[in-house]
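Both complexes shown next keep chain A, but they swap its partner, so chain B is in the first and chain C is in the second.
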Partner chain A sequence: MKKLIFGGAMLASLLASTAAFAATDLTMWYHGAGNDVEKKIVNTIIDDFNKSQADFAVKLEQFPQAAYNDSVTAAAVAGKLPDILDVDGPVMPGWAWAGYMAPLTVDPAAYAKFLPGPIGTYNGKVYSVGLWDAAVAMVARKSVLDANGIRIPTIEKPWTGEEFDAALAKLQASGKFEYPLDLGMAWKGEWYPYAFSPFLQSFGGDIVNRDGYKTADGSLNGPAAVKFGAWWQHLFKDKLAPGTSQSPADRDNGFAAGKYAISWNGNWAALGALKAHDDVIFLPAPDFGKGPKIGAASWQFGVSATGKHQDGANKFIQFALQDKYLTAFSDGIGLIAPTPESAAASINYKKGGPMEAYFGLSKAQALLRPVYPGYSVAAKVFEKALADISNGSEVQPTLDAAADEITKDIAKNKNYTK
Partner chain B sequence: MSTSTSSLRPSRWRYLPLVLVAIVFIFPLEFMIMSSLKPSQQLLSDTNSFRAFLPVGSISLDNYYAAFARAPVGLFLFNSVFITATTVVLALFLCSISAFSFVFLQWRGRDTILTILLTTLVIPIEIIAVPLLLLVNQLPWVGLHGLTFGWLNSYQVQIIPFSADALSVFLFVQYFKDLPKELIEAARIEGASWWQIYYKVIMPLAGPVTATAAILKFLAMYNQFLWPLMVTQAEQYRPVMIGLQYFFQLNIAWGEVMAYLTLITVPVLIFYLVLQRAFIASIASTGIKG
Partner chain C sequence: MQISGSKKLQNSESTGWLMAFPATAIIGLFIIVPFLLGFYFAFTNQRFISPNPTEYVGTSNFHQLLDLGVLTLEPERDAATQEIKKDASGAAAYPTVRSLTRNNSEMPYYDGMREWFSWHSGDNIKVVVARDVVFMKAIVNTFLFVLITAPLQGGLALLLAMMINQKLPGINIFRTIYFMPVVVSIVVVSLLWRFIYSGDNGLLNAILGFFTFGTFKPVDWLGNSATALPSIIAMSIWQAVGFHMVIWLSGLQTIPVSLYEAADIEGATGWQKFRFVTWPGLRNTAILVLVVITMQAFTLFSQIAVMTQGGPVDATQTIVFQAVQHGYAKQDIATGSAISVILFIIVITISLIQRYLTREKLT
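Presenting the complex of A and B:
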């Protein structure tokens, strides 16, 4: 009898201890499948988090980036969202509005020193925080600019629009390049609004009127936008930049091969440019009147609104925001470390580092893409309008039609209010 | 009556356009295979010349090693071949037997149901994808874990919804209609059951249409992207077309893309070569074009 009681007590103790120490599983979806470096860093963060406490165990499921958003949308339809998901900055408002994501409860001190781009705020609440930011710059060779008598712009004194046009004309006249400027027209999709809407914003226009996000009329087709459209069209009409028929191979390899003098490209391509030439410099966007602008916000971590363990998901995100992980991502994939400390500790963005300029650009010129749920619709409309104008469509009617389409979408969705 | 031998012999020049057409079809494959052997930088620079089609420069299998390191290529290939092969077998059986019923059996509403079935030919998957997703997300399944509800992240969710389709039924119906009715009558007189007629009389005569339906179904299934994208959140069930997305990073490694494409093209070529004769015979006899 004693043995029985003892055995029963042991079993009860074992079950109780198992229950006490069984960590709750948290599922996490990430867009980096196929990128071994990202996978290793994310797995390191997850392993560290799982070892740091006993309440939650994060389990990772990776998706290829190009298929990620559609997978999340399908999972939301089926009610199968994970606890933690990552989201591209401009997509976040749409997912928050659609009820996929919940506001974060992460201590704001954890991201107080971050650049503005990686913090995803919608309707006054923070829904997502990124471990890096991305930036775009004019990539050029110092020797080429010097040889053509072109001033090297700085963050404090960027090129004016006139200076930029004059520089392109000089480079074209040199006869040494197929085109003086590579805008990356071969890259479709989000590249267009991310890379090109800052030009529009520097002219004084925008994809949508950010005052309430109720219309694009006047912003996308007003005088400033039309002026931008005319400038945009002249780049292609006057053979200053390759148009939509540019091959992806030329986009990837053209600057390195010497086909283009200046390439408008993201920091993720900077390491390749540095390998190709020993005098590469990263220059700020030109100022077309309303200040130089570049796009901001990259992939960020958020919490699913339907997750049962939002406290654990928030704990994980807060854990991931440590400087050492920000630096690891920066060193691993070349993206911008978002805090001064993590940048200073990074290989590429520390003082004197080869890509230091990007941190300054991101800090000084970054402008978030329109923060409203209809952005993904507006982005596609904007992309088509810019492609059409580059191919010769009349500027004013094309922008009028685009503004009309965006405004109708907002109205159709009742101003994207619940 | 005499005919000179030379007039019977086909002129060499007749082959010229055929050779040109063959080159047009072969060159993309040639480009893909050659590119898969070159480093990305060389691959891109070679695209400006005929070198793109030649095994010149730095040639190696490095892209293949890198492709296997980047993604579970073997798993994706297995998944696609398993899902496709199972679906093709199921579809050939279900579609042929339903076509048999539509053509040879008399039952009320037969023509109406066939008409309704054929109208689904014009409904693309994109239209029904979301309702289908909601449906399969509720369906029960008995497997290794007992009774479960919801088919997401499984093989069956990629197989069963596509195990019968209107196009295959239509192909079999058209083919069966041309078979001589006397065959059926003779078999019935001999006392054969309908199952025996289907299995021992009709299907042995349906080789060409079976090959056509198999190839069309194989290609449709093997190339599926949207549906697997929606229903496979777990990597272990992803097919090759989802796997292709693993290679499109910010800086695309084109050599690895070409190596992966070469690898996933192999099953398609093998399948087509195996059924080639029957497929051509089917086109010749029914005028069906794939």
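Presenting the complex of A and C:
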């Protein structure tokens, strides 16, 4: 009898251990440490995934955003990348080029209905997909625009460049604002290329020539770019917008406090603006000639190239792309739900929802930042050029120098081909 | 038995090495190896993230940073009379630097160079062009910072040290107050001074406005290329002055009181006592303070990174800020290393000159 019990226990423990062995552990890295809402949603997805099948068990490791990219680079050098990576859209080509990431094998049907922004494609292959997108719009008050006789632009008929300048002049002449326009110059870093390169693209220029990504000459310093530069400089020279020394506090509260008439800001700040005034409207980017443009792509999920269980990592990403999770992220942190269904189910982006306009903006105007591995270098060069021009640096030589630096970087890295 | 055992331990050379091992290994791994790697990377095309193998590129990183040239711009002349063409206001027209340095196959060396500064020489304009104008400005700004900071900070610290080197009640409170900024992180101090210097509602503008009864026009201290570097210099002097004050103080307290008593008996004035007793007694302290301030000033970085990011229009670029910008932000480890090597050469040269000038002269 004793023997039987012992044998049974052996058998039971053997079964239990094989069950445990059957589920392969997958590690996942996420950039949102410190944000409880994000952590909760990510953990919900992971728990649901782990319960839905028995082959893989995903484990979450979180990093603060500021240290995230460095941690990935360090892990790549040490050969310790996680199975599932979280990556900022414009950084993805760099990581794919460096061999950190593998193309996804997720069924394309899973993201067929997505907005274009959250899908990270490099060299014709999809490497990452995001559960949300972000968008930028001009935040303004209807009463202010009406009082100054300014037409309210629509996605179908946005302001032209002249209309935009005329509107700013009228708002300045009203004398009710410190500055008519707040561009967010206090937000140094990725905000500059993300928020301001679409203006350049609407003028007909670009950070780099996207045809082959071999040079920036002619794109960043051509006639269209110089026209953009002159317009950009006049915003600051004519005191239409606060420059690089704008304080971060003014950036965050200036529109609510009535210091600025129009604020060029992301959808993440929209809820705050809606709380401050009851007649807030979100206006599409102006059209400077080549169509209105805004930046696209936010954080996305991808699979590491060195992971042993890429099939499992892909399974998880496919699982995470369900509408209910897209809606959960949108409701939780105010980001744009990327499919029509998930947007319709969300609090902010449903029909009649307070931020509905952003979904349309993202769909109609979004343009990805240059998709090539040298983007992070080009972004820094572009940021400095814009800061210098806003501070009175001569336009043509400044853009020449920036274009040269970007072109040289491409050549130095053998055109970023392997 | 015990005695002979400990003797064995004392005489054993391997034990000595074993005990020195942890410190040697850490210093080697974190100071000597990175130092040598920096020299190595400066001659390669090493990148932060790249699938390409590292290649030796010779001195091209240094050329990229340091190449200079002088262009002479001649005014446009009338083809027939050779007279200088003048516009309505009487100004002559000159070709642009851009027209000479961009896609100009006649002068390949100057390709991509930009104007650093220029001056009139007769009818012509001489333009000094540099391949990396930003780095040139960074070098000039760094030297300016060192030249102003070193004497001012050292002198102010000495003044403070002499003031608090008195036996007065409550003098420790002053010592603590002067030393406080040294203890606070430089990043926090920089953030606070950003508020003080703020253009619209900063403390400095408010104070100046108050004392001039509102006639003072607010200045955007950090957003103006004329005031940005002086603002950072002032704040940096204030921040580290307490540290050097303490070093001066230690020097002051090594001077024997009997020397001052002797000077009093001789009827020396206050100035004579300083000139002939205090100053000679502080000789070694002065050398230390000078060398330390110079080396610290050359590595100016945190204030720039927090307060101005090198702007406006490169008015506050510095060598170390450029090294970090290239090596980290733009992922170009090779150029960042080359800048560090240049800085190393500058600092060691100046330190050697200082050593030579302040050497013990044998009489």
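Just so we're on the same page, the second predicted complex is superposed on the first by the 399 of 418 C-alpha atoms of A that agree within 3 Å, B and C clash if a C-alpha of one lies under 4 Å from a C-alpha of the other, contacts with A are read in each partner's own complex, and residues count from 1 in each chain.
Methods note: a residue touches a chain if its C-beta (ideal position, glycine included) is under 8 Å from a C-beta of that chain, and two chains touch if they have at least 3 such contacts.
This structure is a prediction, so every number in the text was calculated from the model and none was measured.
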{"item": "Which superposed partner A:74 touches (first chain B, second chain C, both, neither)", "value": "first"}
{"item": "First, second, both or neither for A:65, with chain B first and chain C second", "value": "first"}
{"item": "Chain B versus chain C as contact partner of A:388, first or second or both or neither", "value": "second"}
{"item": "Partner chain(s) touched by A:50 [first = chain B, second = chain C, both, neither]", "value": "neither"}
{"item": "Touching partner for A:377 - first (chain B), second (chain C), both, neither", "value": "second"}
{"item": "Partner chain(s) touched by A:257 [first = chain B, second = chain C, both, neither]", "value": "first"}
{"item": "Which of chain B and chain C A:247 touches, first, second, both or neither", "value": "both"}
{"item": "Touched partner set for A:414, first chain B, second chain C, both or neither", "value": "second"}
{"item": "First, second, both or neither for A:266, with chain B first and chain C second", "value": "first"}
{"item": "Overlap of chain C and chain B interfaces on chain A (superposed complexes)", "value": "247"}
{"item": "Residues on chain A engaged by chain C in the complex (per definition of touch)", "value": "73, 76, 94-95, 97-99, 178, 188, 243-245, 247, 250, 376-377, 380-381, 384, 387-388, 391-393, 396-397, 400-401, 404, 408-409, 412-414, 418"}
{"item": "Touch list for chain C against partner chain A, complex", "value": "45, 47-52, 97-98, 102, 112, 114-115, 133, 194-195, 198-200, 220, 222-223, 225, 309-314, 325, 329-332"}
{"item": "Chain A partner contacts - residues on chain B that touch it in the complex", "value": "41, 44-45, 47, 69-71, 130, 133-134, 137, 150, 152, 226, 229-231, 233-235, 242-243, 245-252, 254"}
{"item": "Residues of chain A touching chain B in the complex", "value": "29, 33-36, 61-67, 70-71, 74-75, 77-80, 247-249, 252-253, 256-257, 266, 268-269, 272"}
